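Two complexes follow with chain A in common, the first pairing it with chain B and the second with chain C.
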Partner chain A sequence: MTRSPPLALIGLEALLASLLAGTAAAQPPAPLPQPAVAPSPSPPPPVAADDGLDGLGDLGLEQALPAEDEALTIYGFADVTYMMYFLHDDAAAAALFPKENRFAVGNLNLYARRALSDSWRLLAEVRFLYAPNGATHDDGTIDQTSTNDPADFDRPLNWGGIEIERVYIEYDVHPRVTIQVGSFLTPYGIWNVDHGSPAIIGTSRPYAIGEALFPERQTGLHAYGTLNVGEYTVGYHATLSNGRGPYETFRDLDQNKAVGGRLTLEAPWAGTLKLGASAYGGRFTDRDSDISVIEDGKLVNTTPKGVSYDERAFAADALWTHGRFHLQTEIITRHIAYRNGARGVSGFGEGFAPDSFTYGTYGLGAYRFERYWNITPFIMVDYYRPIASQYLDTIATVAAGLNFRPLPSVVLKAMYGEGWFPGAPDLLADVHLRTMVFQVACIF
Partner chain B sequence: MRRPIRIGPLLVGLLLSIAVAVEPIGPRAAEAEPATKKRLVVIVGRDSPVTDLSRIELNRMFTGSVVYVAKLRLVPFNFPPASRERTSFDGTMLGMSPAEVGRFWMDRKIRGQSGAPRSLPAAYVVKLVARLPGAIGYVAEDQLTPAVRAIRVGGLAYTDATYPLFLQ
Partner chain C sequence: MTEKILAGLLGAFVAGAQGGCALDDADKCGPHMEFSDSQVCTCVENAVEVTGGCEPCAPGDVVDEMNQACVCPAGQTRDGGGICREVAGLGDPCNGDDLTCDDPLFNRCAVAVDATTGYCTSSCVDDSGCEAAYTCAVWEDEPYCRTFTGVGQACESSDDCAGNDAGFCETLQSHTCQIATCTVGIDECPRDNICCDLSSYGLGTLCSSPEDCPT
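After this line comes the complex of A and B, so read on.
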């Protein structure tokens, strides 16, 4: 194939810009180097006829591609779990937890990523759910979403829902500052960022994570960046969001924006040590819609007060890896103070909900072997102090298991866990909950 | 009163014992003595301002972090995962076996973080590095061409006796 050098060069520049836009996708800070995305001020040398770059078509990098990366990358993960509860029908815990052994499809999450330019990106993640089908209410009733399928002779089908895990647009403002706008996972700790079952060693989340002492995700602005100082890396995150609420992804019922932040340090101490500290402050409000009435010929609007509290959450985390050893821990606290006249009702039927201080911590240790599908024995200890009540004081669990990685994209897990309720009054005093969970997770 | 059967701890203990018993003893593949002494050379374009990169800078660059030198963003290019060059580089510079590298990039995808540097055959790595300011790659020393320039790694030229990167 014969081309004039300038045209070939333009094509190559476009190709490289395209190439780099893909390379730069979701990199923390940083626009691409100017020479990579814009024509050089001085004309580069002509392409030699024997350059061999015509063969780029073999790599899917045809010369006719535009300068932008138009590729939409779709990927995701899924997991299937088999859960066994070692409970007898007459055990007290059988009244609190499902006692039947069962298979369950846990997650089917789909990601869409697009590099909009060298410094703009989009990431969306949605989770497909069978819920609300099968969701159990406090009164014991179970939702069933059976309906007739008009496309299949009205045969019955059960429909499910979709949860938008996150969706944001990201822009590199500066090499040290990237801003996300949209719905993002709250940048705190280790577990909430690891997020997906294939990336998590165990089969289930510690209580302090699962109970969302920090909101799992927020809607608003998220700025972050890193700075390399010698062998150390310092990172920061700052968030401004609607905060927690019943419709937080599109409404802020109290118009009180939540703020949060996180600082991290990565150091090459005896392997790699990553330390983090996070904070979050915001106001939760749940109320009915505004009421509008006509009084004396004028439209008068009233905003019901509802339930509202201010919350402050703090967390610290550490992750140490040394060769194949992996050790991680987090401690998370949350303080709730109800506003005057806006106190909620206790979830335990004990009248008004009190102001509360909740905290939890966990530690996870693992060692990954090279052989046998990278077998990784692990142990996890979890301690959680929920809102004080006459029924519950503390939840403690110990779990041990094995994690296999036969392929980078396939994870097999087996975890045995035992949980009990130290300090609990009569009802839960002797309850021990034992579970065995098997899980297959894959990235596709 | 019946007691629940505790098969979980037994199963975990049994498998853990097997794993410990069969774990290979000795240096990891990536740390093993190189079979040949052919060096792996880190290259940039002839006009690049980059002359020397530390191991940690190379590690950061090839694990998804952004590295600037003289206000120029460095853009790494990799070899295909199964190639000798890639295995050697990842083992020495990143301290990861091919399986660990695979896990590393898969897990980053799930976290929503950036993907791996582009992988290209040797011929393209040399040509793209030669052409693109900020590009950086690595090749076996016999793949060096006048269009690219070898840089020092941690202050060591590839001709130094203590140069750390070898094709294994």
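After this line comes the complex of A and C, so read on.
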């Protein structure tokens, strides 16, 4: 079986684009693809964090929930980044990303929250986007969303979109059981639950997080709670959702509900140690709409198989804080098995995508000083094994930087990252991708 | 008791996570597929791509690699029962000398450049006048039904494709013999394919399906 090379080359371009995006904090021109979500459950309006190390992870976004609050509270966060890609003009990746150094307005997220009673709450989060303006296609064309402004003599303006990050209603069934219904962040690991740009230490996510081996969010039911046992705190999460899909927030194309869960343990061991284990199982389906035809006077409906696979994901995480030292790590795995007759094309111009096992892990260490705006040097190592391809075997990155907090609600970051591809064939064997990123993020 | 429960949960978690690791090449693809050196799932011999997977061709059929279709071999046609049958005179060897094409329909001897023998075929106006394994060479002064040899044959270098119409080994992805040095707009390619300009990729021109050709 053969297919002509053009599509293969396009597939390679997409791969390189993916690599660069994940390897070194590279994002499309604007807005940044960094998910702008604050910690769940139900982040309240931001308040100043104390200077303790716990503030590294939450920056005031994870305070205790107030009781009934008649007022609708609106708050949010934003970030602006200055990016430098160290790419040669003739590098393949240079054709895919704006290689010029640039400022980029990244996240602009607004939260709307209201406590409806002592036990009922609502949270909605939306992100304002410049996208699709500036979206680059495989054929090299770039979307431009210019239109005429009827309120200003039809002078040109560029419009953008809105992404509904999450929206849910939650109810305290019991002091140890809270149920959310709606679109919520998948409770797995550390990063996905606590990764709004002001709350994270670095400027970008580890590869295994960015590649969404677990779905970043789900739509359905989420039950969670905690239990204190002596000095220990045990937590749990259980989810039932539509699973992944192109319209997962309002359709379940395979009518196969996904299930997941997470267990956590917090222990006062040499400081504070938090351990977690997460699991997810579901079915992805992307298909055309049903086809109805009349046969022998009867209406016959057919549902196309489309592309569909079953997936299982597992993750384990650990977060240790001791004094002003902070160390966190996660390992995430995902297994995909396509259903017969519903296998997707490979994306590399030839054949079909294989069943796959992918995994990734990262480690992040940081130390926060009291002085100099709480300067926090940090280092992050990232290792990822993507779906097997002839171009790529492994992605490895190392990043180091500084994080400052001049105000409790303002964070300044500088991060240098370098990524390479161990075990890659000639095409990527000697490729090193280097970036320098500066970012200011704030809560408002 | 609590420790046992935790140990059980941990064991189940580790077992589940490790289960995915046990994924050898034989398990990575579906029916009528194999895991290729290119790290993708491709159809096994005598099977063609369909939506979502591969389907085997009927016994006696061969694969039209360019169009991913099951067709009768050169020199045969499908009868009313769907079985490939020999067509008298079609595909018979000829050289324009002592081996002649005597069939009144397949009276054209197609001999490739640098070849001494060819095959008997018919004149045509378009592809509908040819059997499925043939393409009407409308770019010729006198169009005739012709075949393309070697398309899709596995290769490591173009030396492996020598002597075939598909004389170029595409080593970037598919590692198969492809038809190169066609002319854009003339499209000296198998039916339903066009000549694609890939000079921006350093590949010159290659025959490909229209949807795979960058515009």
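Quick notes
Going forward, the second predicted complex is superposed on the first by the 370 of 444 C-alpha atoms of A that agree within 3 Å, B and C clash if a C-alpha of one lies under 4 Å from a C-alpha of the other, contacts with A are read in each partner's own complex, and residues count from 1 in each chain.
One rule holds in what follows: contacts are C-beta pairs under 8 Å (C-beta built on N, C-alpha and C of every residue); 3 or more make two chains touch, one makes a residue touch a chain.
From a predicted model like this one, the values you see are computed outputs, not experimental measurements.
Within the superposed three-chain model, A:Asn374 lies in touch with chain B and out of touch with chain C [touch as defined at top]. Of the two partner chains placed by superposition, A:Asp296 touches none, neither chain B nor chain C. In the superposed model, A:His335 makes contact with chain C only, not with chain B. Once the two complexes are overlaid on the shared chain, A:Lys305 sits against chain C while remaining clear of chain B.
Look at A:Asp355: by the touch rule set out above, it reaches chain C but stays clear of chain B. Of the two partner chains placed around the shared chain by superposition, chain C is the only one that A:Phe314 touches, whereas chain B remains out of contact. Among chain B and chain C, the chain that touches a larger number of residues in chain A is B. In the superposition on chain A, contact of A:Asp152 is made with neither chain B nor chain C. Shared-chain residue A:Glu125: touches chain B; no touch with chain C. Of the two partner chains, chain B is the only one touched by A:Ala400; chain C is not. 12 are the residues of chain A that lie in the contact sets of both chain B and chain C, per the superposition on chain A. Against chain A, in their complex, chain C makes its touches with residues 9-10, 13, 16-17, 19-21, 23, 27-31, 33, 35-43, 47-49, 51-54, 63, 65-66, 68, 151-152, 170, 172-174, 176, 178, 196, 198, 201, 203, 206-209, 212-215.
Chain A contributes residues 12, 16, 19-20, 22-33, 35-36, 40, 44, 51-53, 55-56, 59, 75, 77, 86-88, 111, 123, 125, 166, 175, 185, 193-196, 198-199, 226, 228, 231, 233, 268, 369-372, 374-375, 377, 400-402, 405, 407-409, 414, 416-417, 434-436, 443 to its touches with chain B in the complex.
Interface of chain A with chain C (complex): residues 1-12, 139, 263, 277, 279, 305-307, 312, 314, 316, 333-335, 338, 340-343, 346, 348-357, 388-390.
For chain B in complex with chain A, the touching residues are 2, 4-9, 11-12, 15-16, 18-19, 22-24, 28-29, 56-57, 60, 64-68, 72-73, 75, 97, 99, 102-103, 105-107, 109-115, 117-118, 120, 123-124, 127-128, 131-134.
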